[in-house]
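Input: one structure, supplied below.
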Amino acid sequence: MNAANPLLPAACRIIGITDETPDVKTFRLQTQGGAKPFAPMPGQLAMISVPGAGEAMFSITAQGEDWIESSIKRVGALTEALHELSEGDAVGVRGPYGNHFPVDALKGKDLLFVGGGIGLAPIRSLIRYALEHREDYGKLDVLYGSRTTADLVFKEDLFGNWPQRMGTHITIDVPEDGWDGHVGFVPAYIEEKGFSPKGRACILCGPPIMIRLSLASLYKMGFEKENIITTLEMRMKCGIGKCGRCNIGSKYVCLDGPVFSMAELDELPPEH
Amino acid sequence: MSRIGVFVCHCGTNLASVVDVEKVAAAARELPGVSYAAEYKYMCSEPGQQMILDAIAEHGLKRIVIASCSPRMHETTFRKMLKKSGVNEYLLEIANIREQVSWVHTDSGVATEKAVDLVRMAVAKVAKDEPLKASSIPITKRALVVGGGIAGIQAALDIADAGHEVWLLEREPSIGGRMVMLDKTFPTLDCSACISTPKMVDMSAHPNIKLLTSCEVAAVRGYIGNFTVTIRQKAKYVNQDICTGCGNCEEKCPVKVKSDFNKGLSDRPAIYRLFPQAVPAKPVIDRAHCLKLTKDRCGLCEKVCPLGCIDYADEDREYDETFGAVVLATGYGLCDWTAMYDEYGAGRFADVIDGLAFERLVNASGPTEGHIVRPSDGAEPKTVVLVKCVGSRDPKKGKPWCSRACCMYAAKHAHQILEKIPGARVFVFYIDVRTPGKNYEEFYDQTRKDGAVYVRGRVSRIYKEGGRLICQGEDSLLGKQVRVAADLVVLETAMEPAAGARETAALFGASADANGWLQEAHPKLRPVETQAGGVFLAGTCQGPKDIPDTVAQASGAAAKAIGLLNKDEMETSPMIVAVDEAKCSGCGACVDICPFGALSLEILTAREGRWERAERFVCKVNAGLCQGCGACTVACRTGAIDLRGFRNVQILEEIDALWT
Amino acid sequence: MMYLLKENFDKAREALAGAYAVVVPDEVLPPKDALFPRSETLYETDRRTGEARAAGAGGKTLLFGVRPCDARAIGNLDAAFLESGYVDANYAQRRENATIVALACAQIPSPACFCDSMGGSPHEAPEADVVLTEAADGSGYALDFQSEKGSAVAEIWKAADLIGPMPAHLEKAPAPTCTLKVNKVPDLAQKLTAAFEDGLWERLAEACLGCGCCTYVCPTCYCFDIGLENRGGTADTFRCWDSCMFPGYTQMAGGHNPRWSKTQRLRNRYLHKLAYFDERYGRTLCVGCGRCICRCPQGLDITRAVEWGERL
Amino acid sequence: MNNFSQQQQKIRSAASRLLADGTVRFVIGWAPTRFAERTTVLFAHTEAEAQALVWNAHCTAALGKYLLDHRLADYAVGIVARGCESRMINRLLTDHQIWRERVYILGAPCPGMDAERCAGCRERAPVVWDELLWDADGMPETGGRQDAAPTNLDEATIADVGAGLALPAVGAACSRPLDTDTSLRSRFFRAEAVEGLSAAEKFSYWDEVYAKCIRCYACRQACPVCSCRACYVDMDRQGFQGKQHSAADNRVFGVTRAFHVADRCVECGECERVCPMGLPILGQTQKLIKEIEALTGEAYVQGMDAEEENFLGAFDLDDKDDFL
Amino acid sequence: MDVANRTNTAAGGEPKILAFCCNWCTYTGADLAGLNRMKYPANVRVVRVPCSGRVNPQFILRAFARGADGVVVCGCHPGDCHYATGNFFTRRRFMLMRGLLEFNGIDPRRFHARWISGSEAAKFRDFVSEVCAIVKGLGHE
């Protein structure tokens, strides 16, 4: 973050692009000087700009020694411009913005990560953190679903890295040739797996309908609202709690979020 | 960065001698989004194209700008080239720096500056180009011919002979049209019925042709390759499958109605066939005059029919059929001179008749078996006046156009009178005599030699005096008033588009001109096509014609239809408009603009805000009809409708690129 | 207490023109434009390298004749832009460079004024550097220099011999009172937010046209949008006023809009003015200037929400 | 005799009846505010609320645009409609924005309320209605209010029953004072005031106007012709206009807005009435109608029926093109 | 649209004139002018559009706002439109727009429209030359 002017982006470049799905790409970013733009906590956001096209807020999905990564779905003009970029191209980055997953409060707990579609992107930062600090947390499980296998993001993690290190449960909505994994919707799969709420926190992110139904399932299974954590998406422009549009009541998602527990959200007006 | 590659062509010395191509390429390299720029002697050549393909592969180029000759020259070439690369062929812009720079400017500095500007505009536009894909639509291999006159018959036969299924739709109870009403045809004087009825029989017997009489087009959906036509079959009240055409019913029917076919010169029953050689040769009931249908009396025909074909309960039916191509052959009618020319008696004199009535009089199978008689008293006329250009070439009272065939059939009428009535005198009033056809002038010459007197001038008045019709007019060659006391006056009246032709054409997306003649796509080069793809014109619906021209045009239209039907599918241009339904407010401003009828408003029902099932209008684009002019986009204030390849944002970027 | 004769009022303003760019607030718009312009370039980006260079944010300005409510509004903007969380660089620079000369209201400017109901006063402007208060006899203005910036103004006026000590027999005129009275409602913020789902919000919003009028004339509305304009090889990133009354304000790229209805937007605006800002920054955002009431073409009135809150 | 009071009673009874028999979900009309010389818009949902509707010289806001808020609704809406509202309704019907059967129109011939907005108005009686509340005869042709009686402040209390509020009354209006001269002026009075200027004067005239424009879009929001689901100006990505403010950018907006309503404007004058900066923007739209009339040689009055041909959506083969 | 301040001529440079040409007539006519090696001033920059009916009057506003010294719109003659009727709408739109521009103080001599067919290369040349001369004459107001 530029201390003098938090709205000013740092000149960065793309050092790697991974095609996740037909409309999701993961961009690995680094400053023009070859450094990490900043060191985000899991769940934090970055404002990424395409010179000449504009900027938008994205969750940071991963970080390394000298890079951060963001996985971006093509939904509008800006993301379209992003998707057109190639390795080596210039982008602007400012951040990190927002709060982060309560990594300390979660210590000692079993963690259940539930994601749907591109919703796995923000969760991935926490999964990576938990795996890096493996001794701080109890049992780790990720339950992830998408419409088809083509829409599964982070396939390398889902089928390579994670299964050896944590419970990995993948489902797709409808049967498909060549898929011998689970078929069905995420909420049903959560219930089917019967995760115990005891000493376990659930980190939930995905499309609104999936969230709604998954919450119903989790409540039914006895999860407390305090132990269900999600991240919100709102239209953002400044990222620093000034421009106004991402408010829910008196909270700004860009400052006080995007991470909220269901208990915290209950305190806020239902406007998200 | 968009990874744009810019390629500047020298065009030998065509470009390079005026424009500093290296400078243009260097300037291009500095433009946002451009990651590669090069110049070469001939970009369009094989090595030139290969160079571009190599650069695309080597530099990962995603969009291409070529600065060269006019896009009208090589846009297609370069699009084809891109098909071989990974770059979509529509992510291409061409900066025209030959026709619009090096060939029209001499100062190298100024020309180079302009070339750079044009490249800058092309780069700005290409950055906003979207990948497009031409789609193909399957073609229904069946043609519809609307109108069963000689044009429709000829077109149908030609298409059917080429092996395609044809449906011919005629609103009258029989095919044949105007030509079967005629006696003889000029200039050869062969019997009109003798040459047309065999064609009609061929039609009914052709395995590829389905004949629909007493039918109308009620509605049309779809477009070239796939017109879904709603056909309205009017009730015939006679079971056409069983009827043998024995004629008992026609004999017994007590009703007498003036025969339209015989121009009111004879009567016909209420159950009738249009004329003796009608195809199909089966009667229908005229519902307006049948006593059973109008007053629930009589029922004689049902009683005398040996096969029980009569079905008074028959009703109009509508059904849908799909066709790949359509030939409109709706023909002509004669103008209603009685409404235009009060000075000719406006119909009060029985012995002032029009040309078609004369054809019926002189026709061997007509009401008088070919005897030329006065309708008023049946006497043989000794002096006959033929008046040409009645309604034609008369913008004040009639129609502005020349009806083309009248000069020749007037000569034919004169010839027939002189031949059939010994000692008869024939006067022909004319403005000009136009005989531009093979053997036409010779025929006209012969008629005059036979004794027809040609008087140059319009007849200004016809009135009765002592039982004779006095035709008064000015002989403009003599420069004085002349009068002829005639026994019969034949008005060679103007052709006009058949009633309902404009409306029928509109259903198919074809238009008519101000006079009602159906509009060809181009008056010179596309005379049988219409603005609506897959809809062709045959015969007089497009404008006045004689029979040979009609038949020739019908074959032309058939050839076009055959060409279309020979394809299995058709590629459509992707550079057409598309509607963003989320933005469309359904105001319909665009719909009014479209010349092709490609846009329509439809009701969209969707959840919106607090309304679960909100109904609103949105514009739908018929991709088969849209030709990509983009005139509608300007009417759309929201920009919900936009033209692919020339979207608002692309053009705006081009503009912006010039002033930065 | 220093004193400025009424006849020297214009001279006093003119005397400042050398040292400051003097801004006299528009009769319709609040003075926020000088600190938070309708449109300003934030930075320029090189479209090839992505390098961004911040644009400057103006030199020394002086706002002359600011109403006390508007001065108070500037205090609220300070709270949002400077005092809590991130510091907004452009606002900070303009604010640092700005001197505020307030003019206490001798009469109530508009029947819609209700500053004294919102905790302000037509005569008090602690946020201002200088306050001019009319003397009881109307002959001139009592001057309160309330800061170092204020003292600098005093020096200029002294140097120009425009001001002198206030004659002993004079005193400040008593503060007028607003005709529009809104009762102070204890716990208004809590009451209104608790009534978030009440159907009355919809009734309040029915007559709203959804134009942005109220937000643009409001001295405390500070929502903005960030946009971009390309100029050849560089791109200008600018920010401009935005309005929470526009649906596009919260419209997300994927199509979801958390405040899709007019009612939601009006409720959010009223609650921001009366509750949310208070919850976050400890002061009520609405300063009771009455502009939104005056300028609303359809006669909407934010005090209706306050009165309603009173009865909750 | 106080015409306004009698007519107001007719509005109230008709509205009550429609609400009582369930014909409409609510009736849109005017209600008093706490300022004597101002009204607000009231959606009367109950018979009691209908008794709060007022009809007086301060009923300046046009109501037609509210129908758009309910364009997707499956219920019927009642509306008090003067000449301008009725033309708005026709306009919205022509543009397929509302369903005729879902609007119940209480026709209210009007003497002309606002000197600025109504000065050029020729159609003060409604052109479409379901029920004409009083006869248009006797409406002074040249405008002029019959009686400008101030709103009875007791009514304010009643109105607030509707919204569940009771407000103490204070002062008069705080917006610009009403001009009492509502006599009929030239239909294009605002345009004509500018036409006489030289090109340079025109340029600086509009420069001054647009330097003041704050792009609040009240003109658009109030305009019954601006029925787009999304306004071009809110889609800065699409490229026609960015969001930055400057006299030049604002002018592009002003001219574009005028052109977007060019051939559909019903001349209600709301754009100018609602402008918080008091900008004389009516001249732009008046000019366009004037141009259309000059080009066709025929009167061009929109909103007179629901099936109109728009000038820009049609053509004549022999249209003028003297500069082409 | 701030013509007075932003035009190219104001900066002492050559004026730039933006020309919208329909693909079927005027663009072809301009190409033909090139083919015939006709000479005209280099101030004009052509934007190719399928039909003059595609030219949104807002494009003209944009060009003036960006600093165009002159803008021209060209299309097929009435009745010759490749798309039958596109230019009839063009005609009404720009007749109206011209009035509005003039009303807003934009010198109407900076905005021109002309029907130029594919064979009228000389007309294209003459028109462009004429507009250039006019615009140069206007210079900086």
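To keep things simple, chains are lettered A, B, C, D and E as they appear, and every chain counts its residues starting from 1.
FYI, contacts are C-beta pairs under 8 Å (C-beta built on N, C-alpha and C of every residue); 3 or more make two chains touch, one makes a residue touch a chain.
Source: prediction; values computed, not measured.
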_Moving step by step between touching chains, how few steps can get you from chain B to chain E?_
1
*Greatest Cα-centroid separation from chain C: which chain?*
B
*asked:* Of the chain pairs C-D and A-B, which one is connected by the greater count of C-beta contacts?
replied: C-D
*asked:* If you average the CA coordinates per chain, which chain's centre is most distant from that of chain A?
replied: B
*When the centre of a chain is set as the mean of its C-alpha atoms, what distance in Å lies between chain D and chain E?*
37
*Just give me the whole-number Å value for how far the CA centre of chain B lies from that of chain C.*
69
*chain A and chain D: spacing of chain centres that average the CA atoms, whole Å*: 49
*Pull out every residue in chain C that's touching 2 or more other chains.*
47-48, 225, 227-228, 230, 242
*For chain A, write out the residues touching at least two other chains, lowest number first.*
51-52, 54, 76-77, 90
_Overlap residues in chain B, where contacts from two or more other chains coincide_ = 1, 32-33, 582, 593, 609, 635, 648, 652, 656
_Residue ranges of chain D touching chain E (in the complex, touch as defined)_ = 191, 194-195, 197, 199-207, 240, 247-249, 251-252, 255-256, 258-259, 262-263, 283-284, 287-288, 291-292, 294-295, 311-312, 314-317, 319-321, 323-324
*chain C contact footprint on chain A (complex, rising order)*: 4-13, 32, 49, 51-56, 75-79, 90-92, 208, 233-235, 237-238, 240-245, 247-250, 255, 269, 271-272
*Over in the complex, which chain E residues touch chain D? Could you list them?*
1-4, 6, 57-58, 61-62, 65, 78-79, 85, 88-89, 91-108, 112-115, 141
_Complex contact set, residues of chain D against chain B_ = 71-74, 95-97, 227-232, 235, 237-240, 260, 309-310, 312-314, 317
*State the interface residues of chain C toward chain D in the complex, per the touch definition above.*
28-29, 38-39, 110-112, 179-181, 200, 203-204, 206-207, 209-213, 215-217, 225, 227-229, 238, 240-243, 246-248, 262, 290, 293-295, 297-301, 303-304, 307-308
